[in-house]
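In the two complexes that follow, chain A is the common piece, with chain B as its partner first and chain C second.
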Partner chain A sequence: MDNLFSQLSTLGSSLILLFGIALLWRKSLRAYTVAFQWQSVALTVMFVLIGYFSQDVELYIVAAFLFVLKVLILPRYLERMEKRFGDHRELRPYVNTVTSLIFSGLLVLLAYVVTRPLVLVSELPTRGGLPLAMGLIFVGLFVVITRKKALTQIVGFLVMENGIALLAVLGTYGIPLIVELGVFLDVLMGFLVMQVFVYHIHDTFESIDVDQMNELKH
Partner chain B sequence: MLTGFLLEFSQALLVLMLAPGLAGFVRWVKARLQNRRGAPIWQPYFELAKLFGKEVVISNNASWLFRVTPYIVFASALAVTFLVPFIAAPLPFDNVGDLLVVVYLLLLGTFFLALAGLDPGTAFGGMGASREMTVAGIAEPTIALSIFSLALGAGSTNLSHIVIATLDNPGVALGPGHLLAFAALFVVTLAETGRLPVDNPSTHLELTMIHEAMILEYSGRYLALIEWASWLKLTIFFSLLANLFIPWGLALTLTPAALAMAVFTLIIKLAVLGVVVAVVETRIAKLRLFRVPELLGMSFVLALLAVTSSFLLK
Partner chain C sequence: MTFFLLILPPLLAALLASLIRPYRAFVGWIGAWLSLISLAAAFVFVTQVINGQTPTWGLGSLNIADVFRADSLSALLMICVTSVGSLALFLSPGLGRQVKNPHWGELAYGPVQLRRYHVFINLFITAMLAAVSANNVGIMWITIEATTVFSAFIIPLKLNKASIEASWKYIIICSVGIALAFVGTVLGYFDFFLLSGRAENALNWPVLLATAPVLHPEVMRLAFVFLLVGYGTKAGIAPMHTWKPDAYGESPAPLTALMSSSLFAVAMYALLSWKIVADATLGNGYTNNLFMALGLLSLVVAAFSVVLATDYKRMFAYSSIEHTGLMCLGFALGPMGTFAALLHLVNHTAAKSLMFFLVDNIEHKYRSPLILKTRGLLKTMPWTGALFAFGLMTLIGLPPGGIFITEFALFRAGFALNHPWLMGVSLALLAVVFVSFINHLNKMLYGTPAVEEINPERPTEHFSWRLALLFINVAVLITLGLTMPSPLATLLQQSVGIITRR
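After this line comes the complex of A and B, so read on.
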């Protein structure tokens, strides 16, 4: 039983990480949104899975919230923003595709190194997924750093948030419900604030390329 | 001892005979998916017979390298068929070579093919050779890495040992290391055997061709040998995918019933993979040449993750 649980949780974490890495290989915002949506679906399944194996009803509630927020609401908003700004492709990120893919591989390696002490002392059946969740946080951060469009940076932030949620649920089998709800509210608020920022950037510069904000210095 | 040798030779012969059929089958499925009737599955055998009967025409500028390459390419592919467990494991030739030998024998053929493309000094040949090297340079380490991730689990680089270790411990087959490595090897298979997102196997006249551009100068029995070798390579890669990751059906004992079962399952597995590749080829368009390294970079990262997860989760 435990063996099956640990296999499934590692498998699920790898899948979630793969959707994160898929961001680096795709270019259109539509593909970013779809990858994020599927990642959130996988994350929901993960929550349900852990809730089932640890017999924790609260996790089902969290999974339901997660599904509504990250699979239904946020992708809808992202699509709406994409329509408003037209099809902005991430044509020239700071780091090109091949290099960023290799970097993401190295980041996951780094995550393995960083979490190694944690994994060694941990007795949890889900410990195999911990480095992967950490790797996903790094990859999300990497997307935020290296992409130029404000929208793709937002998706990077959301992916990083997914990584944090995954790490939390793998490491603790779910933090208290009230904290989880607070986090969701935080994500939603953060997202809305960023959306407002994007609209303003677009109004001022007629582009959502954050590179242009350098002009403010002059 | 004698049965061992007999097994090896019958296995090589089987794969040699099966290879054109597999290529014909993939072509046929593709044709059916595109609403064409398609050539019969045994068409490649006729092609081989026709090419072997034809006269060889060689450019005046070609050196001995051009003449010797078809034999090297064919022989290196043939040598691999002795080392990969197609129908039975363990094999008596296991001690001769492990996965490193397999990978680099395949690379040897690619290397000489690229040299032969450069040799007659035509523009297409040089172009094809440089492209092939670009692809091979990223694909080759990915093959090695993805099989390494299996080797780490089995504790041996010997292909038969890897197969037997997976059979002993079936849970491994669903682990993330295995699945990631499978995905990586699948992408590389498409690239190395010149299938669609990387190279279009069914056209001669595309400026983006890779494999066809290198062998444009070949004719007659030389062309036959090279074509046969490339079909062999397809069969070898498919069998690596099928038997390393889903080894069930392989004969562990040398009884006639087990061997017959193994041949049967091998054909089924190859057919399933053939259908998958045909569907993939019908579904997607060819990538721009400059995006090919990105695709291969993706598969390299998959392989790297596979190795990390099987190494660090042990």
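After this line comes the complex of A and C, so read on.
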């Protein structure tokens, strides 16, 4: 039983990480939205799975919130923005696709190094997925840093949030419910503010490339 | 119940501002007077903790005990937040001045902007107060993240390329940073979970601290790095400081004053809360070394940026990074250093908020944030100019300002603990800041202003109650420079006791 659980959780985590890495080789915003949506679906399944095996009802509640927020609401907003601005493509990121993929491999390796103490200390059957969750956090961070479109940065941030949720559920079977709900609220509010700013950036700079914003120096 | 008197007034003010449209001046006034209730509540907490109590509030019936908790450190922070909050609300735009003065020209805010401003600045203050009262480090994280969201709404009160750029950088850098702090929080909980299993109160700070000595050091080390990067981003510790000059340069003055003094202090509080837990697991050395390294780096970055500054608002942002660095050094230098750093925090709160309100006056007059264009401050604005000179000299550590005392104490603590090289380099960097600040100040105070650059509708400066309010900061700074009021001394000693666990 534990063996099956452990294998399923590692498999699920790998899948979630792969959806994150997809951001690095896909170029259109449409593809980003789809990747994020499927990643969130996989994450929801993961929560349900862990809830089932650990017999924890709270995780079902969190999974329901997660599904509504990250599978239904946020992708819809992303689609709406994509329609408004046209299907922008991330044509020339600061780091090109091949290098990005090599970097993502290195980042996952780094995640294995960093999470080594966690895996050694933990006795949960889900511990095998911890490095993958940390890797996803690093990949999300990498997307935020190296991509030029404001919208891509937002998706990178959301992917990072997914990585943190995965880390929490794998490592601790979910943080206390009240905190989890607060985090959802914060993600939603943060996303809405960022969205407002994308509209402002588009109206003021007539593009959503953030590398045009270089007025402020010294 | 006092917790509600602390947190609810700004929330009520925000609610009122959001309900009444278009914006009317009385909304701003009610918000400002309400903020005095919060201030009074903060003082109640101070008297309670000085008498040795630890006020808490929770819903025992719902099995959620101790939602809010106040100790000496958080009471000190409450004072820092509520006092600057009240000052900022009384000096906010939209309290009659703009409406009555049709000559205000290009700097006027419209009713839509004023409504947005008053909603979000009050929410911002609410979130900061909730962050310092929260007993649960998860809730603390949520409220600190909320401050990012609320303040991002009002940084670009006037939409233009520069303000949008500043707020985009602010929200992206701070959201990502604070997300990393959450990774750290999760890792802290991870270890607790492995030891004691699932518990709803596990993220409560006292519970966490009580378990800390038996947590795994290798996990705690990793968690603390994430927490330091995360909350350090929010506090503006180098190298995560890059949003600071942009955001401070573009925000409306009261928000800048709040961000540079209160928000910074709140982020520092979060960092300290975790430092205490990490120290209990790891011993002092690990966190202290990290604090020293980043503190020194902040000083280096700040010193050279101040030399190159051409914009006085950004210059003060770099000065904030400098003081952040100093405080990080102080917190790494044992009980003496911690005492100095906490007192420095209080002084810095008074000095920095004073400076940003004055900078606002100057910018309205000269309509440019460039040092080059700001000449003859003493002639055109005698009151603001004199206060500006006083505040700036305090910031660089000249007596009788309180920062002189705290910097002196800090360096004494450093030398006493045998860090001559660290202290020597820091002193040299402070000297660089000192010289370039004096240089910038000279350029601004004297000389002849170009006539066409000064706002012609306000030819001379009259003394007003808005200036009179700023003398509160001056009084605080001079008092702390000359004496040490005994309630404050007790409060600081107790806080040092909490931080160094002695």
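Quick note on the criterion: the second predicted complex is superposed on the first by the 214 of 218 C-alpha atoms of A that agree within 3 Å, B and C clash if a C-alpha of one lies under 4 Å from a C-alpha of the other, contacts with A are read in each partner's own complex, and residues count from 1 in each chain.
By definition in this document, a contact is a pair of C-beta atoms (placed from the backbone, for glycine too) under 8 Å apart; a residue touches a chain by one contact, two chains touch by 3 or more.
In this text, all values refer to a predicted model and were calculated from it rather than measured experimentally.
Chemist: Specify the outcome, clash or fit, for chain B and chain C once both structures are aligned onto chain A.
Modeler: Taken together on chain A, chain C would fit alongside chain B, as the superposition shows.
Chemist: One more residue to check, A:V98. First (chain B), second (chain C), both or neither?
Modeler: first
Chemist: Which holds for A:S28: it touches chain B only (first), chain C only (second), both, or neither?
Modeler: A:S28 contacts neither chain B nor chain C.
Chemist: Residues of chain A touched: more by chain B or chain C?
Modeler: Between chain B and chain C, C touches the greater number of residues in chain A.
Chemist: Touching A:G171 in the superposition: chain B (first), chain C (second), both, neither?
Modeler: second
Chemist: With the two structures laid over each other on chain A, which partner does A:L185 touch: chain B (first), chain C (second), both, or neither?
Modeler: Touch partner of A:L185: chain C, not chain B.
Chemist: With both complexes superposed on chain A, which partner does A:M160 reach: first (chain B), second (chain C), both or neither?
Modeler: second
Chemist: Touching A:V144, do we find chain B (first), chain C (second), both, or neither?
Modeler: second
Chemist: For the superposed three-chain arrangement, provide the angle chain B-chain A-chain C between C-alpha centres, rounded in steps of 10 degrees.
Modeler: Reported to the nearest 10, the angle reads 150 degrees.
Chemist: Please give the least Cα distance, whole angstrom, that chain B and chain C reach in the superposed model.
Modeler: 18
Chemist: What does chain A use to touch chain C in their complex?
Modeler: Residue positions touching the partner: 56, 114-115, 117-118, 120-124, 137, 141, 144, 150, 153, 157, 160-161, 164, 167-168, 171-173, 175-176, 178-179, 182-183, 185-186, 189-190, 193-194, 196-197, 200-201, 204-205, 210, 213-216, 218.
Chemist: Okay, in this complex, where on chain B does chain A touch?
Modeler: Those residues of chain B that touch chain A are 171, 174-176, 179-180, 293-294, 297-298, 300-302, 304-305, 308-309, 312-313.
Chemist: Could you list, by residue number, the parts of chain C that touch chain A in their complex?
Modeler: 64, 136, 138-139, 141-142, 145-146, 148-149, 152-153, 156, 159-162, 164-169, 171-172, 175-176, 179, 182-183, 186-187, 189-191, 193-194, 198, 200, 202-203, 216, 218-219, 221-222, 245-246, 249-250, 305, 308-311, 314
Chemist: Touching chain B in the complex: which residues of chain A?
Modeler: 3, 7, 10-11, 13-14, 17-18, 21, 25, 97-98, 101-102, 104-105, 108-109, 112, 116, 128, 131-132
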